[in-house]
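In structure tokens below, several structures.
Okay, so chain A shows up in both of these, paired with chain B first and chain C after.
Right after this comes the complex of A and B.
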């Protein structure tokens, strides 16, 4: 929501801002990236544990996926606002805890789906050839689950980049802070920069992760050539 | 039973009762697999063939009973180590999609810590053994046809040269022509490597062709008969076995046995230098209207009785050339076809270019009567 009709005589976009405030933009970009990486990484660790539990003890699958589903439905603004008095607005935890919670649904779902996509005969063959359970999981199941896991990481990363901007409401949020700053001051330039840069960041990370996952799973492309 | 062989795998009273199943999948099964031989497990769907096979490498733990492999109690050994000494070809091939063919084949050697040179050498050798192209080594499994994948599955199972091989319908997923050639390759392979093989199959003809002994199972994991292919065909233990092996049992036996299994004799044959009197004597003694001429081991042809005249050498008489020839390794079925289309009603055995004797329908029939002592499949 960029207020296009500004009453003042300011130009719609002031290019000099880019140069004058470059340090601030760069810092915002960096923080945006940090919050994203931190949240997705924490989400991945938690999801791996949750998914491992779900795969190991079948009956926990439904409770675990329902739980992550409920977390996902919580309003993000409310969560940031709720945690701010607990940890303080500037604490990284205030931003990262809700962001992490939102990654769980997609990550847990995709990790479970990834391991479930490993064909039974492939697992049988691995066992039959005397691979230890650890070797089987690490060298056979994980690589075969990785296309779906990597797809989950991509989606989680891109959606977290979007959500980080919301954390601008508590004065964090990297590029989100530029957006809120501009909105508060009825000054379009930082708002536009924040919005455009966060979109660019999302597109860039998406492309990078796609390239990385392609490189990591060469068999999926050459198959049935 | 005679104990002239060493038993590589021995199942004693092995039972598997799956949780929640009303009847056991395998019931008190006794089975002995002689070292270096192929035993086929065959029977209707759900009779416990796969379960039996998987109990041998402990992918399934028996509910009760004993399994010995080369004299050692399999259930006492760590399962992972046991399995590295047992090649396993699973029914659905189960190649690792994310590994190249070379990497798939190298799975067990790598687990065992072989060095790269040794692995490379072994992989190259195996690819040749199963008749695959070296160019395929760097491909992924999905880039191969079904038949090629099954060959890789066999090569992978053989990689660390395990003394024991378990094969679950290894040629199930390919068309009959490819299946036939894979079966022939397995037989050639077995000539070279002499593994102890347990082969699960749905196909009685495959079992008859490949196995030294056949274990025919029935639903509920009951062993109906455990016998050599010829014995199974000649002397089915009960009606179930009889129905399972099919109606054309005699033709199947003829297909299994070769000319070399018969005690074929010289027949009404004389040297080309023999006198006409000698020739007539041979024909009279054997009740034949024809006499064959040989010359230093070579068969020259048949002379019809009325054409034998006293006033000249035998070689003057008109001869029918021996079109009706079989080799020592021809099947009796082939020999029978040849005899049926021959004017002389006998087939001449060509023993590597030399005259090896003759066989008649009467001899084949006698051979079928006598069974495996004569027709040893």
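Right after this comes the complex of A and C.
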């Protein structure tokens, strides 16, 4: 490994690190993406169920949204630390469970808002055309709700990329591990790489998902123009 | 991490009730009470600074219908820029210019967390103030600044105060990161518990953070009740 240098002799950023330790950076990036995808996917499944319950049984809407709201305000550091003794620091669940919990607020809110944005007359027309409730939800309501749902997925993904770094405190966290590795060794380069790459990854995913959701819902652009 | 931290660390096999209810642990030098005050001062300074910058600026620009684009930037900023990455990036900078690990990196990162939300909500609330009421105020001969501060700000007050409360709770929930960035604050118990494999310290620290966040939220709700004009409270309670 790289010897720890005295603070004064250390350059702010060691460019050679990018080449020498590229394998490590690549592994960190990959783990970062894996944790993000797993958490958002799990969050999406849970949110779909919660939102379906909220939409089906109106009285559950307030409890469900306030519950996800409370989850969102839990301190991320504490959640990772609390689960570490339960599952072990290196278990994927220790990182993914808190990250999933944080996605719920955004996803549930947007799924509910998406389905509520479907105009009543459209639903009436679908019923009048003889669609079964399942067919109506899947072929009429879901596409109309999709712009808001896709926006929710985008926001949840971008904020999860930021939060994954916090899992670095338990030795996971993809790029977050580089951040803490650098801080613990008083070696700035990995810290800077971890921080900058995670910000770039968030911005990149934001742009990619925005482009993808625009491509998937072309009518939203036509309506605006 | 540091020698000073090792001295202050608690015994590994401490029980949860010992941790939470020992008077000695609370009142000693650098004990829980000092740590709580330390956290409260940092979080309070962040929220105060965010409010003092965001509210007047957003209110002024919203009143004049300017700076709509800044809101879009703020929305992106608040979502895409992760607090930890910002703080971690600032630590080497801060060390290099001789400001040490603390508190500037975490202060700026938390400020970037709190400020956009307060700004976005203030802007939207002032823009959303009932145009009829604002028109009536103008008709009554109020000056422009009186329209802004006595009418629009009063109408937007509830939303602005809610956004400050939400930001404060998020700042408190995020501040424990500081303990992992060479600082202290309530997160130190989570950090030490993790390092010593002592679940009671992790749980105890989490309870302290949670209680601090919850009581802050309650205090804000109380302040909202006291500060808002009764008419506005009635208006918003009718609306919901």
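Rule of thumb we're sticking to: the second predicted complex is superposed on the first by the 216 of 225 C-alpha atoms of A that agree within 3 Å, B and C clash if a C-alpha of one lies under 4 Å from a C-alpha of the other, contacts with A are read in each partner's own complex, and residues count from 1 in each chain.
Definition applied: contacts are C-beta pairs under 8 Å (C-beta built on N, C-alpha and C of every residue); 3 or more make two chains touch, one makes a residue touch a chain.
Everything quoted here is computed from the prediction, not taken from an experiment.
In the superposition on chain A, A:176 makes contact with chain C only, while chain B stays out of contact range.
Look at A:195: by the touch rule set out above, it reaches chain C but stays clear of chain B.
When both complexes are overlaid on chain A, the residue A:39 reaches neither chain B nor chain C. In the superposed model, A:47 lies in contact with neither chain B nor chain C.
Between chain B and chain C, C touches the greater number of residues of chain A. Shared-chain residue A:144: touches chain B; no touch with chain C.
In the superposed pair of complexes, A:217 makes contact with chain B only, with no contact to chain C. Once chain A of one complex is fitted onto chain A of the other, the partner contacts of A:130 are limited to chain B, with no touch recorded for chain C. Residue contacts after overlaying the shared chain place A:119 against chain B, while chain C stays out of touching range.
The interface of chain A with chain B does not overlap its interface with chain C at any residue. Every residue of chain A that touches chain B in the complex is listed here, in rising order: 119-122, 124-132, 135, 140, 143-144, 217-219, 222-225. The touching residues of chain A, counted against chain C in their complex, run 7, 12, 73-78, 81-82, 84-85, 155, 158-159, 161-163, 165-166, 168-170, 176, 179-180, 182-184, 188, 191-192, 194-196, 198-199, 202-203, 206. In the complex of the two chains, the chain C residues touching chain A come out as 1, 76, 79-86, 88-89, 91-92, 95-96, 169-170, 172-174, 176-177, 179-182, 187, 190-191, 193-194, 197, 199, 202-203, 205-206, 209-210, 213.
Every residue of chain B that touches chain A in the complex is listed here, in rising order: 57, 59, 79-84, 88, 90-99, 107-108, 111, 139-140, 142-143, 156.
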